[in-house]
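To start, I am sharing the structure in question, which I have written as structure tokens.
Labels run A, B, C and D following the written order; every chain starts at residue 1.
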Amino acid sequence: MKDSIMTHKIAILGASGYTGAELVRLIATHPSMEIVALSGDRKAGMEMAQVYPHLRHMDLPALCKIEDIDFSDVDLAFCALPHATSQAVIKDVPSTTKVVDLSADFRLRDPEAYKKWYGKEHSAPELQKEAVYGLTEFYRDQIKDARLVAGTGCNAATGQFILRPLIAAGVIDLDTIILDLKVAVSGAGRALKEHLLFGELEDNAFGYAIGGQHRHLGEFDQEFSAIAGRDVRIQFTPHLIPATRGILATAYVSGEAGAVHYALANAYKDEPFIKVLPTGEAPNMKHVRGSNFCHIGVVADRIEGRCIVIGTLDNLTKGSSGQAIQNANLMLGLEETAGLMNAPMFP
Amino acid sequence: MKDSIMTHKIAILGASGYTGAELVRLIATHPSMEIVALSGDRKAGMEMAQVYPHLRHMDLPALCKIEDIDFSDVDLAFCALPHATSQAVIKDVPSTTKVVDLSADFRLRDPEAYKKWYGKEHSAPELQKEAVYGLTEFYRDQIKDARLVAGTGCNAATGQFILRPLIAAGVIDLDTIILDLKVAVSGAGRALKEHLLFGELEDNAFGYAIGGQHRHLGEFDQEFSAIAGRDVRIQFTPHLIPATRGILATAYVSGEAGAVHYALANAYKDEPFIKVLPTGEAPNMKHVRGSNFCHIGVVADRIEGRCIVIGTLDNLTKGSSGQAIQNANLMLGLEETAGLMNAPMFP
Amino acid sequence: MKDSIMTHKIAILGASGYTGAELVRLIATHPSMEIVALSGDRKAGMEMAQVYPHLRHMDLPALCKIEDIDFSDVDLAFCALPHATSQAVIKDVPSTTKVVDLSADFRLRDPEAYKKWYGKEHSAPELQKEAVYGLTEFYRDQIKDARLVAGTGCNAATGQFILRPLIAAGVIDLDTIILDLKVAVSGAGRALKEHLLFGELEDNAFGYAIGGQHRHLGEFDQEFSAIAGRDVRIQFTPHLIPATRGILATAYVSGEAGAVHYALANAYKDEPFIKVLPTGEAPNMKHVRGSNFCHIGVVADRIEGRCIVIGTLDNLTKGSSGQAIQNANLMLGLEETAGLMNAPMFP
Amino acid sequence: MKDSIMTHKIAILGASGYTGAELVRLIATHPSMEIVALSGDRKAGMEMAQVYPHLRHMDLPALCKIEDIDFSDVDLAFCALPHATSQAVIKDVPSTTKVVDLSADFRLRDPEAYKKWYGKEHSAPELQKEAVYGLTEFYRDQIKDARLVAGTGCNAATGQFILRPLIAAGVIDLDTIILDLKVAVSGAGRALKEHLLFGELEDNAFGYAIGGQHRHLGEFDQEFSAIAGRDVRIQFTPHLIPATRGILATAYVSGEAGAVHYALANAYKDEPFIKVLPTGEAPNMKHVRGSNFCHIGVVADRIEGRCIVIGTLDNLTKGSSGQAIQNANLMLGLEETAGLMNAPMFP
């Protein structure tokens, strides 16, 4: 059904993780992308349907090793590898292939910040400089011309969608921002850890990386400070909840609800994926599940001058693989929304 | 993005239930369907986004009363109304509008059988005669020419996908078929009942309509007897499990696994939506979630001459609204798979 | 197994709701309580096992109407009726019967506050004056001598357990307290509402009563202001998550983590049910499920002078029915922990 | 609160798994058992509260290595070790210590059967001969005098509770028994496997060990053949469902519902833990959660002479650790129900 003359050749590096599988899911109905290579080092030789039987109906190349990919045939590579591995791999991708990286490796522009949050020196600092931060709605023009785009953290995307317009518009106090996240489990990937087992997470909830330890704070610090023109440090604590997909972010800010709502509604009035609800309404996490949409609501607090802003998106879609495709669309000169207008899955 | 010249005008009657919402979700990315009317009697006047905020991004007509629909502008109507209501409504739809009914009203061809299972006389027996049973893979040619197609029960579809080819091929004993279903909760619709509450269903499981009380048995009896050319009565018991979408059907049959597998693989070898797994493998319910696919597996039992056949589909998609669109595609002369090739959502 | 001479005769008014069933569950193994009457107006005449089959093994009186209870035989009545109904009923309970009320009717001492939060005049203001607030750890001495104890709100209990000692010790700023709750669904009772359906809540999360609309704020205002000796108004927003039992409360406070942790550890050092974790550790909601325990943790934020306090309890047990039995134990001269030392159920 | 003179000294070998934790949970309120030793080889030196924080309130010995336990001080040891390890360990426990083994090592009396199902020679065949099969309701007298009791498989217990009385009473056909199980995930233990992750199991369901591969068939074969006095081979297929605790077993049998119900009701009429529902009613898995109860229901099929029997229990309690304590009670001369009468946890 795809027109082979018009399609772009796509490789997915690290296709055996959840974000890799989500890229395949979305590309399945993308009008102008064709998957020509899928890598998965430890699973090289296996069919994708063995790793992800839900993709059984698709005609996909078998998983291979990265070194076996002929990049001369690849227009764009999504890199869904673990942090640190990405740097090493992308260095060797020929410059004729555009790259959208989904790891954390190129999100932070400052090598010192990278070292602080990730605990080691960056091994590809020249690429780090070149990479464009992949929050499409705010870096659209640079992304169009970029060769390397760094996908944002999924928590970082959620927090920025609700806070960036408020900081930019100067309608909230910058020193008392608190961001409380409720996070579904797929953000942790397919990792085998006790606390991710069904029996442990059902009926459970807990905070983690509490009090400023989460690496996505590196992105918040970088971006919010750049917008404000001064150092901005927010409080940010994520909580794991018994759900598979989604992030619900609650921001407590000092600012008038009316001004806050206006700043958001105005910032996103022409955005196809960001929907600001009427004042006083708050979003449901399940109302964006499986889609590239982000819903945002604003409610005034009973305490004068304070309000609550709640935003939600699907961490695997708008928070990661959907965002990646949105960026790839721009990089390839396609319609930004191509392949991404599927409705959320409810119930 | 849709080409308005090539699109068909669609009405959804009873759009405020889950199958109505699922139709809208699927049509959102259908290349050749455009929704021109949505009815919801008790919610007439409301926007669809108020009833289903996950559809907020779509440009949809407001919910209206059925009598306010101008059917001269409607090529095809999906009727997602409750049982019994459907009959009355469809009688009054002008014959220039094709109809896919998702209720149980036109599934049984025999007025006596209808009365037995649904407890009352059919009020549109002439339409009942005309209606084509909507199990696409087995009624494809008749559906193409039909004006009224009766969508199957979701449990009935699942059971038939695994059993029809076995009965047709004569590879199993007809008197000892047992069908045990594990059913997700959305099959019960948006009904407000205690046992459907999250707190009651989490960590729960139970049989219902046990021992031959479930109305979908009417469909099994009708279809299996027709194929076999003699009366066939199976044992069928569904069980509710704490999941939202999906049916996993386990059939216990007397027959050789090899012959059983061959009959299924052969029957579905050219089907785009039915995937038969290699012998000895069994499907996962989540591997078809949100999609129009059905996965089937066959495993030999340790007892000579018996085997287990397991099939799974999403009750709201392949079991209901996806099937309905598949049938509508045929009725409108479109590609059968149009708008239905989205991949399942996993995880 | 219970010694009938030593047992106290118990009635449960409104036994057909979740808190009623939870009382029965806990009393099942209580050494000194015997249930002599269970009321459930709309279900009068039914056996408890019909309403709650998990209690099938118990020898319980059938559900009756309240007017059919002979209170001369009742030492203590738990009143698990809806708000407003409680007032009317308790007025007529003879003064020889002690009462633990689980509704909101007697939590607020000030008739004006009651009217503000519950929207109507109190119909038993003299009882309102007499009632003791049932947060056992802080009202123990008064509860021992009380005839009427008002069980706290479940959210109100959770928030107070983490905040009272901090306000009392003066270790946090009183004007910037933010309380973000993650709440399981059983707190809403067995009400038939769409958003409580399994299919709607699975994979969902959303804020409700956002920005200071939740009635439990009446309790926070009353109690925190009394401790501080001045008006204290906190920000409080609960979020529903897909879990059945439990509340996880995250408090964002301005104060040194060391002093905050010390205040909590010191306040609860002799408490049998409140467990303060080592500094830097945070509790899991599931680690108290089904029990009368409350776990509390303190973590310093990266921003100097701020910290996060997280507390968790089971809303039906420590947040409601377990608390009620703890209070009843004191009122009846029993060991405070009698019948309440069962371990949490994990996994 | 426990009377130290009357308590029996208990060791739990392999306390770091779910069945170990469940033993501790139940013993927490057992009137006559005191835990004196907890082993966990890989976690030796850790506090139990570090491995299972829900047990934080208990005063427990730290985890140790088995060789560091002084068995002269131990009246009874629960052995919750993995299969095969149990044999080696129990051989070395002094004969003055009674042993309840929760592994599969001593369930099968025939060394050949053991080899067939577990793939290796038994290393303690003399103990194998001595061990009493731990299905309390049917081996009560032998258990009272036993030194070594072999806990049953949790699936095996469920299937036997519904089928043993029917085979014994001769009311069903022995050659057409089909047993379809819906199994919660804690039966798989705390193992780190992809299909046990929350994100993979939510909204999923699938058969496993299909067609006669499950090891608990060894127990069915042994026990049912012994009762019938001839070889009995049933069909048995378990299915994993997205729940944490519980097994719901559906048996399809040829037999009259009346006779089947009578056989069950009669067999269990004096049993404290087995509850047979009125004819035509079927049990819910959640109605026994966390308890030592088993609920059984019988429903006639529409096909003459066939019926459906459904039984349910909590795999960790009645299916494993609760059963173990029930057996230990008998072995220690205690009341059989001691510490086991806690009500199920619902919701």
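Operating definition for what follows: a residue touches a chain if its C-beta (ideal position, glycine included) is under 8 Å from a C-beta of that chain, and two chains touch if they have at least 3 such contacts.
These figures come from a predicted structure and were not determined experimentally.
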In terms of C-beta pairs in contact, which of B-D and C-D ranks higher? B-D
Far-end chain from chain D, centres as C-alpha averages: A
For chain B versus chain D, what separation do you get between their C-alpha means, in angstrom? 40
Counting only Cα atoms for the centres, state how far chain A is from chain D in Å. 45
Computed distance of Cα centres, chain D from chain C, in Å: 35
In chain A, which residues are in touch with two or more of the other chains? 18, 184, 186, 197, 199-200, 202-203, 242-245, 283-284, 286, 289, 347
In the complex formed with chain B, which residues of chain C make contact? 18, 184-186, 190, 192-194, 196-203, 242-244
Within the complex, chain B is touched by chain A residues 1, 18, 21, 24-25, 28-29, 52-58, 186, 202-203, 244-245, 272-273, 275, 283-284, 286-291, 293, 295, 341-347
Complex contacts: residues of chain A adjacent to chain C: 176, 178, 180, 182, 184, 197, 199-200, 202-208, 210-213, 217, 233, 235, 237, 239, 241-246, 248, 250, 252, 282-286, 289, 299-303, 306-308, 310, 312, 347
